[in-house]
Structure formats: structure tokens, C-alpha cells
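By letter and in written order, the chains are A, B, C and D; residue numbering begins at 1 in each of them.
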Amino acid sequence: MEDKDHTIKSVCVVHNDTATGITSDIPAIRKAIDRAGHTALFFVDTISSLGSIDYRHDEWGVDVTVGGSQKGLMLPPGLSFNAISKKALVASGEAKLPRSYWDWQDMLNANKQGVFPYTPATNLLYGLRESIRMLLEEGLDQVFSRHCRLAEATRAAVQAWGLELNALNQSEYSNSLTAVVLPQGHDADAFRKGVLECFNVSLGNGLGRLNGKVFRIGHLGDFNEPMLLGTLGAIEMGLELAEIPHRPEGVRAAMSNLVENNR
Amino acid sequence: MEDKDHTIKSVCVVHNDTATGITSDIPAIRKAIDRAGHTALFFVDTISSLGSIDYRHDEWGVDVTVGGSQKGLMLPPGLSFNAISKKALVASGEAKLPRSYWDWQDMLNANKQGVFPYTPATNLLYGLRESIRMLLEEGLDQVFSRHCRLAEATRAAVQAWGLELNALNQSEYSNSLTAVVLPQGHDADAFRKGVLECFNVSLGNGLGRLNGKVFRIGHLGDFNEPMLLGTLGAIEMGLELAEIPHRPEGVRAAMSNLVENNR
Amino acid sequence: MEDKDHTIKSVCVVHNDTATGITSDIPAIRKAIDRAGHTALFFVDTISSLGSIDYRHDEWGVDVTVGGSQKGLMLPPGLSFNAISKKALVASGEAKLPRSYWDWQDMLNANKQGVFPYTPATNLLYGLRESIRMLLEEGLDQVFSRHCRLAEATRAAVQAWGLELNALNQSEYSNSLTAVVLPQGHDADAFRKGVLECFNVSLGNGLGRLNGKVFRIGHLGDFNEPMLLGTLGAIEMGLELAEIPHRPEGVRAAMSNLVENNR
Amino acid sequence: MEDKDHTIKSVCVVHNDTATGITSDIPAIRKAIDRAGHTALFFVDTISSLGSIDYRHDEWGVDVTVGGSQKGLMLPPGLSFNAISKKALVASGEAKLPRSYWDWQDMLNANKQGVFPYTPATNLLYGLRESIRMLLEEGLDQVFSRHCRLAEATRAAVQAWGLELNALNQSEYSNSLTAVVLPQGHDADAFRKGVLECFNVSLGNGLGRLNGKVFRIGHLGDFNEPMLLGTLGAIEMGLELAEIPHRPEGVRAAMSNLVENNR
């Protein structure tokens, strides 16, 4: 970090990157900022990790965490959450950018009396109460280990197929989604279309420069073993129909992996 | 048929037997009754076939068909249907058994004016309208061939595992459910319990004298390829965990079968 | 009771009569049976009272009580309940009428293990759990007094209109519905049609020989003051539009009555 | 308008003001801007009018219209809409305020291909399709005249009670809500609390400087005659219980008004 004058105001990181299937090491980034003695605020996007992968706003020294309702919280889209540190709140109070809807202070003032400054998405708040109950009933440790188990089985399938994970660094494998690279010359979007039409499974597309090269398997939120095997099975059948070179051993590898995890 | 005096009043047949996974040949039974010149009424139970396996009340000469909402019609339990021939209606008018709720005539009288003689399960009637729309939108031929395809893949899996189908006669294989016999000495209920606890898949139990010896795979109604592979995967993993002798090649066989069907 | 040989096997009574808006005095009927030393079983239909008007199967010495989900229990139609005395169970065991679906013994045997002999209307059972929670949360005494309060306000409106209650005996007024007699020469069904078309309120029709002469106001189940006033208001406006002789003071009288009840 | 140098960039108006129960004359304001030859953009908030009161973005020369899902469109809160003129779009392209989520261009680019730049509230979009179908089935003219009819009946009730409408100018009366001023010395919030507790009707509170002095009756969206009479009845009873000086003739006046409208 060469920003010796501290002109950089914030370090923005995605905890779990939906495009690449990579989970960042948030505590390590916090340490790097601290080591540099930098004063920048630390912002983390947890949209595709919150409720599926362990995350600790306070303990990890994050200033602003952004989450959403529509993934690990198993709700329809429509709610977003901010967790904010005192430092972020002070900085927000001093910020000069005109703002209204996004102003934390209006929300904080109203929240003290249990209300919202604007009309909230009431129905989703009832859903949120229920989804939090479900997560606590299963137990957060169990929820995280379930997603870990299903993610490992997914990666076992990809390796057995002989396909390449988009994530190269094992310590950064995402437990909420897996991006898979198709062999060169094969169109990931045509493949995805075939899987959807033949087998009713909608795979994620490659985002940005991964477009057409990658497909993505979501295994977050309300997800279990048979849902994963149905998904992997549709992919394996789709690979065969699309004549993409692979070994038809992915589902079998995933099952072996899951059985080991159940012993 | 030795009932030369025609004391038998009705021949009652289950079109698709939920306990055994066997589909009866209704036209053949009709022909046998006719060949014997017998006057008995012909009753057919279509609870687990209606909307999943082809069935023809008029064309097959059935007198009374009984159906239900909770299987092929993809609704909650709570509605049952009767299709009745003129002959059955005449017999009912002459029958001496006291009856009230089950009396067709009250229903027929009220139905003429578009109403019911008693309070009907109104909410399910709205559901029924929608489920019929869904079946017609897919097309009945497509619906039946989908269940045929998924049933064949299921049987391919069972054969690949080296397990025994409860149905012995190929022409009687059911396309809405498959009953699988476990090797002697293995408790089907303990196996089912394990699959449910480890993998969230609830298999049907063996009914009557098949209790503990058989488990059943339902593949009727709102069902597709990934749902089937998830189910078969849970079974294959459960067989391994329960140390029941089998070849771990069932899911793979089902996929090969489904791919062939998609070419 | 002149049935000295006890050939009558059951006395069947409707606790709350949906056609007439009359609630029967069940304990008085029980006493009359006992005074006559008669051995008949005592059957009570509570379809339109259960959960809205106080009812006590055991305390009142009833042998068979029949209830349903679709009124005071605030559920869709589709469930019915029987409460049975030992005497009724013994009689059922000795009864000669062939029966299958209605046979209590099959149900009782299966219920011991927490299951049903046939496929139950599962979804409604979840609803039942919730509606019972709602009734207990409000408190049965409060539920019954709410229906009493709303029924009294309804009758105050009818009297203020100068119309006639179908129920003549004050001690038999129903707290779950009120049947109102229109002046001779006025068609109750035409009136009901007008109220529905102009003001979106569906009134009950006169049943049997009351057809065309009577309309019925339901005030049972999930019902409160504004719902009642909306209903009475639609009726009062409908009376004016249909030019049926009345004093336009019914809603006002109902409000005065409800205010008195809230002091 | 003394802004001769055109430093004012936009004229922002609420079509229907939720706090005061006043509907603004949008075409008149447009004319005033045009008469002054002013270049400011014309912004209109239609949150509490869209779908309940006639509104015409193009015809009335509005540059930016803001609407929401949760009132006249009869949906849960969670969707908001912008209608934008070419002039507004050009101005937006030249605007210097940093923005991201609120940037129209991202939305317009994505919308061309039928998609959204961010995760939309998918479930509400299905609801929107249905609520638009409902509005068109009733017919927009009928919808607007229904709200007019119900609003007039509400105002007839307020006048009959002898209470004061917050809106003084008849041409500005809102057809989607009515704000009512309580006589001095009476606490509107205590009154509202009593109506809610005794009669289950939740009235709107006075906003801003009207707090404690005014209560508001919403009569927009999915609303009909019995719902209005239930609401007015609860208010009339609440006025009596709270001993607020009034004539108990409001509901009667509303009914007379509605009957006249139905002849």
C-alpha cells in the first residue's frame, strides 16, 4: 500500500464473490490495513455469504457490512442490511455528499422508537423473523458446516468431471457457490440453455469477462443433499448431451464425498 | 370365473397399486368380464395413477372410477372424484344399503345447478382449476411420457444397484411409483429412517406383508429429472451407509437412461 | 316421549341451526331424555357453533358431537370432527350397518399411533393447529362474549329497522347468525342480489321453506365490529335501494349497543 | 416566481399529500411553470394517488413521476417506479452528483434486454402483473369513480359529525385519504389508540405539525363500501367513547350519500 497520504477513504471488499466463486479472507485484509497504519474505512459486501458462510462484523473489525435478504437468509429479494462501526458513523456524519434515502442517521433516529423513517417492506420483515428462527433452530455452526459439506461435494464432482474450478487457490474456495470453467471452444451459455431446457435446472452465467466461459452452481441458503445431487446430475447429463469432454463420474464422486462426511 | 349365477356384484380393481408398484391392465380385465358374459359392475381406483398414467374411463368400459386430488393432480389431499356409468347409476338407484353422504343422486341433482349438496372444499376447487390448466399446458401426452421416462430411469437405477423390483412382470411396471425389495436380512424401515435423517428424503414404506422388506420411490405428479436424481442419490448413499450389498452405479445408470431419452 | 319400547335409537339435534338462526338448549334436551329414562343416543351437530358459542360435549352428556373446520374454527372447509362417548362407541361396535370410511374403530386404532387410516387433509391440520392457538390466545370466554356482543348488536339493528327476527324465542337467539324475515311481498333473494352487486356483501339465503322470505347474516368465526358495521351498512343501504319498508336506524342502533358494551 | 435567473432546477410537487389529504392540481402547476417560461424540471410524487386518482404523466407534461407499489397498486411495499421525460433524462446525463443505485442509465440499458441491473424484488413483479390485471379488469374509470364515491361519503360523514376537514379548499379534497381535525383540547392520538383497541381499526396519525391534532382515514387501493362503513362506524363509536363533541350521524350520512350514488 503506497497510499502514504491516506487519500484512500475506504477499502471495499466482497466477502464472497458471486462472479468467481471466491471467498476473501476478511481478517487478513483487516490486518494488512492495520499493518499499514491506514485510516481507511473497511467495507465488506456479504450478499452471497451472510447466513451461509461464517462472518463476524465486530470481531473482524469491519466498519460497514452490507447484506441482503435473498440468498443465505432464504427470503425473496427486497431487504438490505448495514452493520456499521462507530468510526463509520462518525465519518458518515462528516461526509459532504448530499444524500437522503441512504442516510444512516434518519434510520438510526427512527429505529430507536422501533419504527422506520420510510415505508419498510413489512412483509419481508415477518419473513426475516421466520428465517432467523430457522437458522437458529438448525444452529449457525450446523448451517455453515452444511454449506461446507455441500460445497466440498460440488468441488469433488467438478474434479471428477475433469473440469476446472474458476477458483485456483484452495483457501479461497467459496462454500456458497462454485464457478466452473468449460474447456476452450465450448460455449457456457449454450450449455446452460441446454441444461435448463432438458432438465429444468437454471445455472448461473459467467459474469463480466467470464461470460460464456464459466457456469456457476449456487449451493447456498435453503439447500440440501438431494437438491445438490439433482443439480449435479443435470449438469453431468448436460455435459454429455453437449458433447463437452468430461468423465461421467462427478455425481458419483459427490456422493462418495457426502457419504464420507456422514460416517 | 366360476360365478355362474352372477352373485358377484362388482369387480374392484386398483389401476395402479401403491403398495406393490404394479399397474393393472384395465382393458384386459374388462374383456375378461365381457368374455364371461358377467353382469358385475367394474370399479377402478385411480388414486395413484390419475394425471400421471394414461387412463380412459369411457373407452375402457369402466362403471365407477375413483380418483383423488393429492397425487397426479398435484394438490393437497381433500378432494375425491367419481366417474360413473349409466349402468352404475341405475344400480345405485336400486341399491338398498342406507346411505346419505355417499349418495350420488344428491350430488348429481345439485351439480345440475352448478352447486354442491354440502359445503365443498372450496379452496381445493380453485387449486384443481389451476392444476388442470398446468396438465393441459404441458399436454397429457407429455405428462404421461415424462412419468414413463422418469420411471424407466428409476428402474434402470434399481437394476444397476443389483436390487430387485417388487414388480416381476415388465408389462405391469408402474410409472408412478417403484417398490424395491431389499436383500433378506436388511430392514427396509431402518434403511428408510437413515435416508430421511441423513439426506432429507422420505421414502414410502412397505405396506401390509411387504412391511420392512420393501421401500417405495414415488415419481408421480409434479416431478422432474433433478428431483429424481436427488432421490436416487439419497438412496444410493443410504445403501452405502447402511452397508446393504449393492453396486454404486444406480444414479449413473439413471442418468445414462435419461440422456438416451433426450437425444 | 311416547316411545315406551325404546325403538328410537338416537335423538339428533342441531346445536345452532343455520337455517333459522336458533340455538338449542342442549342440557335441557339431555334432561328430558334422562327424565323419560330413554336409552337413545344423543347426537349433536355443532357445525355452526363450535368455537363461536359455548359448547360442552362431556359436561352436557352428549354421545356424539359433530363439528367442522369451516366456521368457528376459521379454516377452509375440509375437516370434520367427532367427539364420541363410550356408550356411542359400544353401540357403534354392535351396529350392523355395513360401513368403511365412517368406521370409528379404524380411526381410533390408527390415532393411537398418531396416524390416520386414510390420507388426511394434512394442510388443514396445520391450519387447525394455528386456529386453535388463535382461539386460546384470545381466550374462549372472550371469543364467546365477542360473538354474543356482535349478535346483540345485529339484533338491535334488525329491531331498529322494524324488521322481524326469524327466531321468536329470545332464549334461543343464535350468537353465530341471525335470520331476518322480510315483509310479505318482498323477495329476499332479489334483495340479497342487490346488496351483493351494489355493495359486495354476500348474505345467506333462506333455506328450505324460508327460501325467498328470509336473509341471513353470519357473524361467527373471525369477525369483529367494523366487519359487522360494514355488513349492516350494506343491508341498510340495500333496504333503501330495494324500497323495502324500514327505519334507516339499524346501523346507528348497533353502534349504540356496541358502545354500551364497551363502557 | 421570482427566480429570473433560473437557478431553481426542479419544481417538486406531491400529487396527493398523505399528511394533509390534499390533491394538487398538477396541470395548473405545469401551466404556471410554462407561463413563467421557467426551465426547471417538474417532479411529481404519486405514491398515494397512483391507481386510485387519475394521473397523466405525459399529457400533464411531468418530467419525473415517482410511484410505489404499496397503495393504489394494492401490493406489499417494496417496488418504486419512475416515469421520466426526455428532458429529465438529458438533465440526468449531465448531472454531476455522484450516484450509482439511483442512476437511470444503468436501469434503462438493462431494461432494453428485459432485465435489471441489480437483483429486483421478483415476487412483487408477479404481484404487480396481477394487480395491473385487476385494475384493468375493473376499468381505470371505474376505479377512479369508486375512490371518488367512497371519498365523498367519507366527507359527508365528517361534515355530519360536525368535525372539520383538514383540507379547506373543496377543489383540493383528496379521493384517497381524508384528514380530520379534532376539536381543540382533544388528543387525536389518544382517540386513535381507543379506536384501535376497542374496534380493531387503525387510523393514520397526524404527520409533522398536525401531530396529535388530526387523524387520517385511508380509502385508497382495494377498498369498498362495507370497508368504509366499518371504518366510519369504528370512528363514530370511538368519538362517543372518547366524549369528543360530535353528532352521531356520520355513518348515516355516508350511507345516504352512497345510496344516492347508486340510484
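In this text, a residue touches a chain if its C-beta (ideal position, glycine included) is under 8 Å from a C-beta of that chain, and two chains touch if they have at least 3 such contacts.
Just so it is clear, the structure is predicted and the values come from calculations on it, not from any experiment.
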What are the chains that subunit B and subunit D both touch? A, C
Centroid spacing, where centroids are CA-atom means, of subunit C and subunit D in whole angstrom: 42
Distance-wise, how many Å sit between the C-alpha centres of subunit A and subunit C, to the nearest whole number? 55
Out of subunit B, which residues touch more than one other chain, so two or more? none
All touching chain pairs, where touch follows the definition stated at the start: A-B, A-D, B-C, C-D
Contacting residues of subunit B [partner subunit C, same complex]: 68, 70, 76-78, 97-98, 119-124
For the subunit A and subunit B complex, residues of the former touching the latter: 198-201, 224-234, 236-237, 240-241, 248, 251-252, 255-256, 258-259, 262-263
